[in-house]
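Look at the two complexes coming up: chain A is in both, with chain B in one and chain C in the other.
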Partner chain A sequence: MAFASGYFKTTYKSDLAIVETFSLWICLIILTLGLIFFPFFASAFLMDLANQVFLALIGAIALMLLTGYAGQFSLGHAGLIAAGAFTTAILFKELNAPIWVTLPTSGLTGAILGITFGLPSLRLKGLYLALSTLALHFIVIYIGAEYETQRGFATGVVIDSPSIGPFLIEDPRLWYFSLLIIDILVVIFSINLVRSRTGRAWMAIRDRDVAAEALGIKVASYKLSAFVLTSALTSIAGCLFAYYRGFVSVEAFSLHMTIEYLAMIIIGGLGSILGAIFGTIFVVLLPYIIDALVDILHVPTRLTTYMFAIKYSAFGLIMIIFLVFEPSGLVGIWHRIRDYFILWPFKHKPLGER
Partner chain B sequence: MQIVVNVIVLAALYCLICCGYVLIYRASRVLNLAHGELMTIGGYFLFTVAIGLGNDPVQSFLLAFIFSLALGFIVYFFLMRFMAGESALASVLVTVALGILLRGLITLIWTSQYRHPLQHLGMENSSHQIVEGAVISTFGIAMVISTVLLYLVLFLCFKFTRWGLRMRAVGENPILASQRGISLHMYYALSWGIAAFSVGLAGMIQACDSGLDPDMFVIGLKAFPVVLVGGLDSLGGVIPAAFIVALAEILTIHYISPQASEVAPFVVLISMLLIRPWGLFGTKEELERV
Partner chain C sequence: MDKAIDLTLDGISLNISGLEILNFISMRAYKGELLALIGPNGAGKTSLLNCISGIYHATRGQIRFKDRELSGLKPHEIAQVGIARTFQHAELFRHMTVLDNLLVGRHIKMNAALLSNGFFWGKTIEEEVAHRELVEEIIDFLELEKYRKSNALGLPYGIQKIVGLGRALAMEPQVLLLDEPSAGMNRQEKEDLARFILRIRYEIGITMIWVEHDMQLVGDLADRIVVLNFGNKISEGKTDEVLNDPQVIEAYLGIKASAKG
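What follows is the complex of A and B.
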């Protein structure tokens, strides 16, 4: 097996290649095959977990593009997911619209909201920007709650499973494959996006906006584009979320959801799509891992009533540990382990490390 | 008249909460998003102490004050100390995570039941008629008085005492301050201590006034726009800002709907950020312009 232990590209063609070596291709193909055959062996519970990971991944990658690449900090992510979910719910309830109407409309709503979320970023930076997005989160949630109470859906809106052509997507396996395809598309799209002109402009803005402006990058329009793209993607994730759950209610989109998404990209490692994937898997599975641990350790049943609080605290604690001790996240750990084996028996850093 | 009284009490609550935001931000440029949780814990401290001591309000309050103060120091020395000098974003996220951790611990220790510390204190929360058609509760009065006292003491200390001067120096230029022999960690910790104390006090009074459950932290979040309207680094700015936000909130309750009042502070926040991002009395250089 041969993996690139550094930057050894000599032709433009190899520089443009997404997958660097033949061995990596083999690994990817094995992974894809594994993902395709997974549903035929997995239990219903595992399928639900996989679907949850896939759903969250879209939102996490979107947030990664905004925060990890464009360097804009947002606390309004749950608001955007809520916007997508409520667009879907409203269209479904009022017009009985099918998924091929609600999905693009959710994306469009997200894009419009993205402009509103992004406009403060033209004037504000860092903390102040985060707070303005936080304020927008509350406003979006308020509008959703207002719709619920005005239209008499006080507990929430129930949505039927979507159907594409003759297929009714209700079976977890069908959901799995649809979400898998969407996720692969999103991952390939974002990997290519961050290598392109737009992505490089975002990274320049993230690293030093004044220098970026001096290089001729239109900071304002690129910042807005980051917000619009992220919001559109997130709202689409919200639309899928609404269909998957079959139920939309404002309680689901609390500030805690935003924090979970932030935790995904921080625990995963900022500035890496792979990090977003790792982080999503970790954060989504964490409560179930704790459940499993409790099962294995035979904790007295008295404690199980506190499970929710325990999971909650563990989540906070793990986030603190990562922020304080491992700011580069899971992807940093992964790179260290990988480099150790690739470079073995040497201990120097990989050549041309990025 | 009732509206005026309501606004004053709510503004006092916001002042009490926001003093901590400002102190911490001014000293160490960290925005503490775990503030609402510190407030809730303050309330629970009072509850626990009240159970332990029985009908002894004075001692209960004093002990709960000390616990709150200590909590602030503990948070600084065991967590935020490691974040000194890190990017503002990382520190803010640490406080967010801290908030989650504290909320989890609160439910673990005290469960999510609705509590009434007042019963255990042996006090009563009666309502008084101050002027024609305006009613205020005992703890509403306590809130206003303690706010006035706290701000008076803080202003005097910052102006006339040695540690107040040092604290201002640390906030203005930490490197220069430490060059002159001021222990940065000491004063950062002090700012966290006072912040936890003041917000804990707010939590205690609020808990006496209207009961206690883990969802109280939302008030801390809602108080947040106040600091930005007043200017993140201006203690004096908090007072007018608290009145503006409280007025907006109470008026929305009266004329639109209670549901809308939840977002009223945030609407004020957004308009402020768009017009004057550094707040009414904040320092303009603070804000990096794009």
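What follows is the complex of A and C.
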């Protein structure tokens, strides 16, 4: 255990540590304590925001793994969330299935969709691949809408709160802690993935697929594994989304949702799990920040009718600003601030540090 | 030479959209030798390497590694067989560190799969540490210590080429295909490279097929030379013999010079 400057590692195993320094441990403990005690002070509104962030984070990390690490573009993200949500809704309505059935089944549905719509990635790259995954979105939405009309749930499907054993997960605080635990597991799992063999293979394919194959990486199966894992994860997020909202309707899963998830990983910073976390917080909170700004600035009431349009365009504008001025995203800004303080009074970091 | 044959190319022809890139090339690489593959620009040297490493599939002909038929295998299968290669433009994984680039080279020697990686169980940790040790040996061997944790993107070009060589060495190959390793290097880097190539040749003993434009390097280091010109093999043999072959001089310098010489 050491401070950030002037410490030396003596084994290669110690170089595998994620939390390297004493100060980082302290920050992490403070963060954990903050997260644990947050629900006891927060208002219902803040609790809802936190839960929304936690829910979105699962999908954002999945998309980060697929696009930011494996380099495969996908516009089917809202479709996959919808697939999970509708699997849950259909199983609940038709069979009255409990959550320990719907959650794995949603994951399975996602995995199957992932294989199917990952197959074009073996031939297509970049925008062409993105376009082929767009088909996934419309197919899932079509099936969901058909189910709604055929079974007479024209306005959407209502789902009861899930119960695990004797616990009925209805209270926002219970949701908060359940989602927090799931998120921590997902984050740790993905950090581990990207720092070991699988993650390196994905990144190699992202950066130079020809060289990756010449080094013995089975490009096709690694691309598919990325699609399967992330699709399953996204659909599981969709299942949780359905339970949390208690209501599933196709209107919730528009293309705008896909764009939101893309914004999370771009604004956060592609190729970084921390970036996915930053991006999710930013994108989920942005509309509320705009609302708050409107309140504070006393915008004339006739302008508030355009709020929806304002939010949309603010979104696009911020995405463009990030793409042009800070392609490494929020995580890039964070690294610069951190380096500034770590290196002070020196200006430049030594060669080789990221 | 009665040494064991590692790689046999038998009548390799390659046509790409009607263009004849390679025309009935036959050659052998003996075990442990440093075989230089030279020829003017566009002679088909890189195409021949691409055929061996499976990136192109030869239109006709056979490639054998020892007794194993390689024609028709995919690049990752050929890598599994024990044939590694470097690229003309290094082709490093740009957003990964030098260390990670080299660890990708260890990919085929590692076993832990997705779930084990995700949970970072004992097996994955053991593997990561063991392979890190091997990669560190390569870092020492190629004198890359100070670049260990730098991103490949920002490295000087010469260093990128050396990292590319290290990435191929990390696969512990039996045959190493080098595609113009010295291109874009300055004098000092070339001398380092020459030293590395000789150490690989004499200390590790990997068979190398080495595409090269620097005739001085070739003349100093190569055991044997194969010369290509417009997709045809025009000469093969010991270094001194080949470099004095009138046909080779003609291909490089033109007819007049060879007549004078």
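In the analysis below, the second predicted complex is superposed on the first by the 341 of 354 C-alpha atoms of A that agree within 3 Å, B and C clash if a C-alpha of one lies under 4 Å from a C-alpha of the other, contacts with A are read in each partner's own complex, and residues count from 1 in each chain.
Please note the rule applied: a contact is a pair of C-beta atoms (placed from the backbone, for glycine too) under 8 Å apart; a residue touches a chain by one contact, two chains touch by 3 or more.
All values derive from a computational prediction rather than experimental measurement.
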Q.
Let me test your reading of the model: by the given contact rule, A:I259 touches which partner, first (chain B), second (chain C), both or neither?
A. first
Once the structures are superposed on A, label A:G271 by its partner contacts, choosing first (chain B), second (chain C), both or neither. second
The answer to whether chain B or chain C touches more of chain A is B
Give one of first, second, both or neither to describe whether A:F189 is in contact with chain B, with chain C, with both, or with none. second
Exercise for review: Using the superposition on chain A described above, determine whether A:D207 touches chain B (first), chain C (second), both, or neither.
Suggested key: second
Taking the superposition on A as described, I'd like to know which of chain B and chain C A:S121 touches: first, second, both or neither. first
* **Which superposed partner A:K218 touches (first chain B, second chain C, both, neither)** => second
So in the superposed three-chain picture, is A:A130 touching just chain B, just chain C, both, or none of them (first/second/both/neither)?
first
Looking at A:Y312, would you say it contacts chain B, chain C, both, or neither? Reply first, second, both or neither. first
**Message:** Just to be sure I read the superposition right, which of the two partners does A:K13 touch: chain B = first, chain C = second, or both, or neither?
**Reply:** second
Overlap of the chain B and chain C interfaces on chain A comprises residues 219
Note: in the complex, chain B contacts chain A through residues 31, 79, 82-83, 88-90, 92-94, 96-105, 107-108, 221, 224-225, 228, 232, 259-260, 262-263, 266-267, 269-270, 273-274, 277, 287-290
Counting only contacts in the complex, chain A reaches chain B at residues 73, 120-128, 130-132, 134-136, 138-139, 142, 145-146, 149, 209, 219-220, 223, 255-256, 259, 262-263, 266, 306, 308-317, 319-320, 323-324, 327
Residue positions on chain A within touch of chain C in the complex are 11-13, 15-16, 189-190, 192-193, 196-201, 203-204, 206-208, 210-219, 225, 229, 271, 351-354
So, in the complex, the side of chain C touching chain A is made of residues 53-55, 74-76, 78-80, 84-85, 87, 91-97, 100, 103-105, 107-108, 110, 112-114, 117-120, 124-125, 127-129, 132-133, 136, 146-151, 167-168, 171
